[in-house]
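Right after this note come the structures.
Each of the next two complexes has chain A plus one other chain: chain B in the first, chain C in the second.
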Partner chain A sequence: MPRSDAPATTRSWVPLLAMAAVASAGFALVNAQFATSFNLYVILSSAALLSLIGFSQLTVLAVGEFSLAVGSIGSLVGVATGYLLVTRSVPLAPAIGFGLGLGLLCGVTNGALVAVSGVGGFVVTLATGGAFAGIALAVTETVPYTGLPNLLNDFGTGRLGPLPAVLAVSLGVALWLGVLYGWRRTGRTMLAFGGNPEAARLSGLSRRTTLLWAHGLSGLLAGAAGIVAMAQLHEANPNAGSGWLLQSFTIPIVGGTLLTGGEVSVVGILVASLILATISDGLILVNVDAICVTLVQGVLVFVVVSLGRSREGSFGRWLRNALPFMSASAMGSQP
Partner chain B sequence: MNSVLASLKWQATASVLSNTSVLLILTALSWLVYHTLGDGFLSSYNLFTLSQLASETLLIGFSQLVVVVIGRLNLAVGGVGVAATMATGWLMASAGLPPAVALPTGLVFGALLGLVLGAIEVATGLGSFIVTLAMSSIYVGVVLVLSGGSAISTVPASVSDFSNDPLVTPSLSWLVVPALIAAAMLWLLYNRSVWGWRMLAVGANQRAAELSGVRVNATVLGSFALSGLLAASAGLMEMSRVAAALPSLGVGWVLSSLVVPILGGTALIGGAVSVTGALVAAVFIESIDSGLVSLNVPAYWQQFAEAIVLLAAVMADRALRRRPFRRPVAPSTTDGKAHHASV
Partner chain C sequence: MSAIAARDIWKSFAGTAALSGVSLALEPGSIHALVGENGAGKSTLIKTLTGVHRADRGTLSVGGREHVFHGPEEAIASGVSAVHQERNLVPAFSVAENLFLHAPPRRLGFLDTPRLYRDAETWLRRVGLAVSPRARASSLSVAQGQLLEIARALALQAKVLLLDEPTASITEREAAVLFERLRELSRAGRAMLFVSHKLDEVFALCDRVTVIRDGRTILEAAPRADLTQKDVVTAMVGRSITFGSRPAPSTAARSGPPRLELRGVSTAFGHTDINLDIRGGEVVGLYGLVGAGRTELARALLGLERITGGTVARDGVPIHIRDPRDALRQHRIGYVSEDRKGEGLILRHAIRHNVAITFWDRLAGALGFVTPGRERRAVGFTVERMAVRLASLDQPVGELSGGNQQKISVAKWLASDVDILIIDEPTIGVDVRTKEDMYGLVENAKTSGLAILVITSDLAEVIRISDRILVMAEKRVVHQTQNLGDYRTISEEILHAIV
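Let's turn to the complex of A and B:
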């Protein structure tokens, strides 16, 4: 085992989950609305969208790349789908199919540019992200498309018991990615590249294919996030994805996905999304100013990452001693 | 140690020369296009605005450049900029301090905010990406909470006159002066001072630098403080230009702060720097905007066109620099160039 702290890294969200549970109990005591089935639905709805944003970044982080275009692809796909649905009256299924295809195309374009030019994904997606967002703004002239089909709106805000319907998308994607990275050749290849590009190249794995896969998947998932956001908002807004940049990194970081590549945690994304959604929701319910929520999320990234990464540090050790069940779950996976 | 620094110096010099000349040609070509195909690009009104914006963008780029040199990133340039600017605005409007006191205080405050970023990075070892990502939302969050989201618009006339009065010709703003001073200082730092070389050494190979006796932590702290100072300067420039301290300042800074060093040929992985490249890059980027206006590109398509021009510039730059004869085989090939002679 080359990286001795690997189990701790992949489970860096465990302490946070404990904290979120404590915070939730606190919120529930302070505000009776917190522990209602409606609020559970609200939290899960926003967690579903957050997880798709996180997954979109995760697929590029896996190969050691960054994408700054997650939000702009989301916006563009939402706008394109909205245009087809509202202006062209295209039926729902082909419109969504086209939207997802467009997201995939945007991602593949990024991957191709990175592979061919040798310029890093960070720089390429910085530029293409501006272009995608620019198209979304120019096509709509900043006016959102409203009057989307009822079926889509119902899906976006519909419920199955206390659970939001959109959660199905998020869980479906999680299952798919879990299989992909755990057992499929393509996924393992991407992780091998992220872990050590030179070794992967020498083993005969194609850098070009890997980059196309990683960025293509990222674009597809960003597109899915864009469509879910559109369904939730009941409109196709060209600014829908403009705030996703920070979240797209926060969620994988909190969830224990390495920024350097080679290691992903699909479950971590789900947990991190749930935690961020719970804390934002709880803060708003206890009447904390919406502005403060950003601040708290910033602090949260710190707390989580410090807990997860510096487990050898004094605070980590203190917390492990203070909360024995946590260390048990983290150590449990160690051979 | 000497040979390490000498080879570093060669590396930096080589990238400066090739990159800046390519970018200079691209800029000249783009100006030619804007001038011949569009109208009003070379009007003094347009050039005046261009000089204001390019000066500010240059400092935003510099605030990223100084941390990129040591192999770090600062995603909180906007956060530091808005916090320092709002603090300065508050000092002048509410505390009633004269600009001569408030402006330097704001700059020092910016440097302190930068220092905090560096200190957290050094203390936690979490990596600058995560530290500055989190601190950015903390800085912006605190500013919004304290200001309640409202702007400070009682900026003394002497402050706003500075950027809106012409310098020598009606085509140049006074903002060019602080921007060029900053550029000159940074050029001296990286080409003539031992501190600059230590920063480059840390960026090129931190472990090697440490073993050669460079105090890495002090270098990181110094670089982040400098980054904060430069971000605060950019914020104060914007305050002067729009005659108000806006809580929304700094929102799009991360992207432009990265584009300036990247286009200018400063390696994102650290260890190589080009101050003159950044200077040309800032002019190039800001020319795109006003150039598109003079070409009558509809306002809504400008962001798209700007991004495409950027992408094309990065690709062209990479393609041109790949030519084998651009890659010197030995340090001696750069002999006689100004920077190298100073070893």
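Let's turn to the complex of A and C:
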């Protein structure tokens, strides 16, 4: 089959961005609260957390792996950090350092298990994810730690005009990952493994190192998400990450990262998080039932994936024809 | 002193011996051919030489010093590189980055992109590959990908270059270019191993020939000048085989509408004004260079891409094929993909499973169960007739050698009782004997009344099996001829049509 030179997937969020803009205009008309500085802050702070969750999955998707442990590592790191801060009165910096280290350790454990056992990341993280979540619940006896240091709480909900402080974490990570996948050998190696594992192996690149990196990064970022969530909630809740699993896939998919590995879009994660946060926020403001918000997210994923696959799928083809204004930007090139 | 020498190499997988005492030595400045049937152990030997597999017994020396490679990276470090049978490029990466996948140039820990592209130019020029270093690897043709992999091996400072069937899926013209490069590299002192099923190529390019059969060396480093093609074939198969010649004359009925007819067909792939007809009991060969649009035409026929104009008729009745399922169920058209691993077979599934997949609904019993027994009974005959070398029908297809896998992917359609069969590159990567088996198979199918379209880039093949030959170039049928079987005149006629 003839293939276009441009990656069709990496720009699949462009039409969505247009759609989100249209929707935002709609929300703004219906509800005067939508277009306020405070609401922008709300959207951005939930997008910041979403993007970290997305990044955590992105690092494993890059090598063609999955992680089902993103949420449970997030919960565990949050709880462990909360325990140190509240029960042990450990100062903030070492507590956070320990938390991130724990996330990294969880991820590296996953990576090592995958590398040594030959069992795929999906299965390994299904197992370890359950274990991590269990530990988090056991440690807290399901009661969240409250009374976190003010500095942390201020960071979690503090803002500069419409910009939440936590956005800095999200942008910092994005910058780091952008450089990693674009210009660093480690990142390129991960993408090479995702794109063609056999080629990478025969070129003498190490599968083991790559897996450790990918899962390790994923754990570290899941931990960062856990700490941000804790700061935003002003408590360390063992259930904080329980809803992250699906989101962690939704965001990269909407953002144009391939599930099969080898191609990632860091900017796509930021855009997708923003879109998802905007839409949930808007729907809630115009009093749509919370259940419908999830439904809308589901429909979105389907639409995006169909657009990306419009060559093969009849739905995507129909959609592309029905929405001609989308096709040029969505597909990059026509057959 | 040999650039690389393997002595008495043994290797077995799960109790099955792949190599039982093979020896091979490559000299600098020489192109050495490694020939053997499918499953003889050629790929295993190459993978052993490059550290992908570790030999159970035997020694390996590079430049006179004994080595044990624990992985490809150690072989690469010793100057031994392979271009493997499967394409090993990262599709989403640029040409330049694929070239330096092992060690991209870096500055201060970051990829040095300007230098990456600059350095790539040098190596691309060295192998005569005229593409931009910035192009994505997925945009390259098979032949260009091949050259890129050779360039990569050179960039690895390889002194020993192992080429596993580099010409399996490129055209003769592209192969000629490749050979010119290989000769230059050989003159520059590199030791090369060239694996091919095409004896013409072996004799045109190589100066020494090693033949292995069933994991043993039959002929070791024999000078080419002392050999005839017949000697090599005899060594390969252990007996003399006769090359089949012309096909039996077509039994196709001349009257009535053709089984499948295309009139003025154009497609979304860019084909224009395609006219083609196949009758029952006839083999039509569709010849063309890689990229001429032959596979794409077959895919459009199966409904995988839109047909934008003209008519497709089956037995004179215009039809519209929605998808491959429709093609099979409603119109009884089967398609054997050229990419057997990617599209033809489910490698982890049993042979019986793979063959029966196209007619499961017919096999299903009263309650809709497809039992292994039913499958075995239904496919046993076809598989047996094709002389597939197998342990049992329950064996995963992936355990068979390449040629036998190819047979299975054809068997699947023959067993499903189609009327029209499109076979895309039936003998890619297949040895001489399997090739003849395959031709016999096509001929049997033809005699039983099937209408067959064979897509091929092998000139000898198209002349060997077709009743009529269509030549495609740039998504048009540029020539059509009755095959009278005279290789010289027909091949000239065809090449003329393309140029």
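For this structure, a couple of remarks:
Assume the second predicted complex is superposed on the first by the 305 of 335 C-alpha atoms of A that agree within 3 Å, B and C clash if a C-alpha of one lies under 4 Å from a C-alpha of the other, contacts with A are read in each partner's own complex, and residues count from 1 in each chain.
As a working rule, a residue touches a chain if its C-beta (ideal position, glycine included) is under 8 Å from a C-beta of that chain, and two chains touch if they have at least 3 such contacts.
Please read these numbers as outputs of a predicted model, since none were measured by experiment.
By the document's definition of touching, of the two partners only chain C reaches A:W183; chain B does not. More residues of chain A are touched by B (comparison of chain B with chain C).
Of the two partner chains, chain B is the only one touched by A:D289; chain C is not.
Once the two complexes are laid over each other on the shared chain, residue contacts for A:V299 go to chain B alone; chain C is not touched. Contact with chain B, but none with chain C, is seen for A:F249 once the two complexes are overlaid on the shared chain.
When both complexes are overlaid on chain A, the residue A:T128 reaches chain B alone and has no touch with chain C. In the superposed model, A:G26 lies in contact with neither chain B nor chain C. Look at A:P91: by the touch rule set out above, it reaches neither chain B nor chain C. The touching residues of chain A, when paired with chain C in their complex, are 1-3, 5, 7, 179, 182-185, 188, 191-192, 195-196, 198-206, 262-263, 335.
If you check the complex, the residues on chain B that touch chain A are 124-127, 129-131, 133-138, 140-142, 144-145, 149, 255, 258-259, 262, 268, 298, 300-308, 310-311, 314-315, 318-319, 322.
The part of chain C that touches chain A in the complex is made up of residues 50, 52, 71-73, 76-77, 82, 84, 86-93, 97-98, 101-102, 104, 106, 109-111, 113, 135-136, 138-139, 152, 268-269, 296, 299, 305. Residues of chain A touching chain B in their complex: 68, 113, 117-120, 122-124, 126-131, 133-135, 137-138, 141-142, 246, 249-250, 253, 259, 289, 291-292, 294-299, 301-302, 305-306, 309-310.
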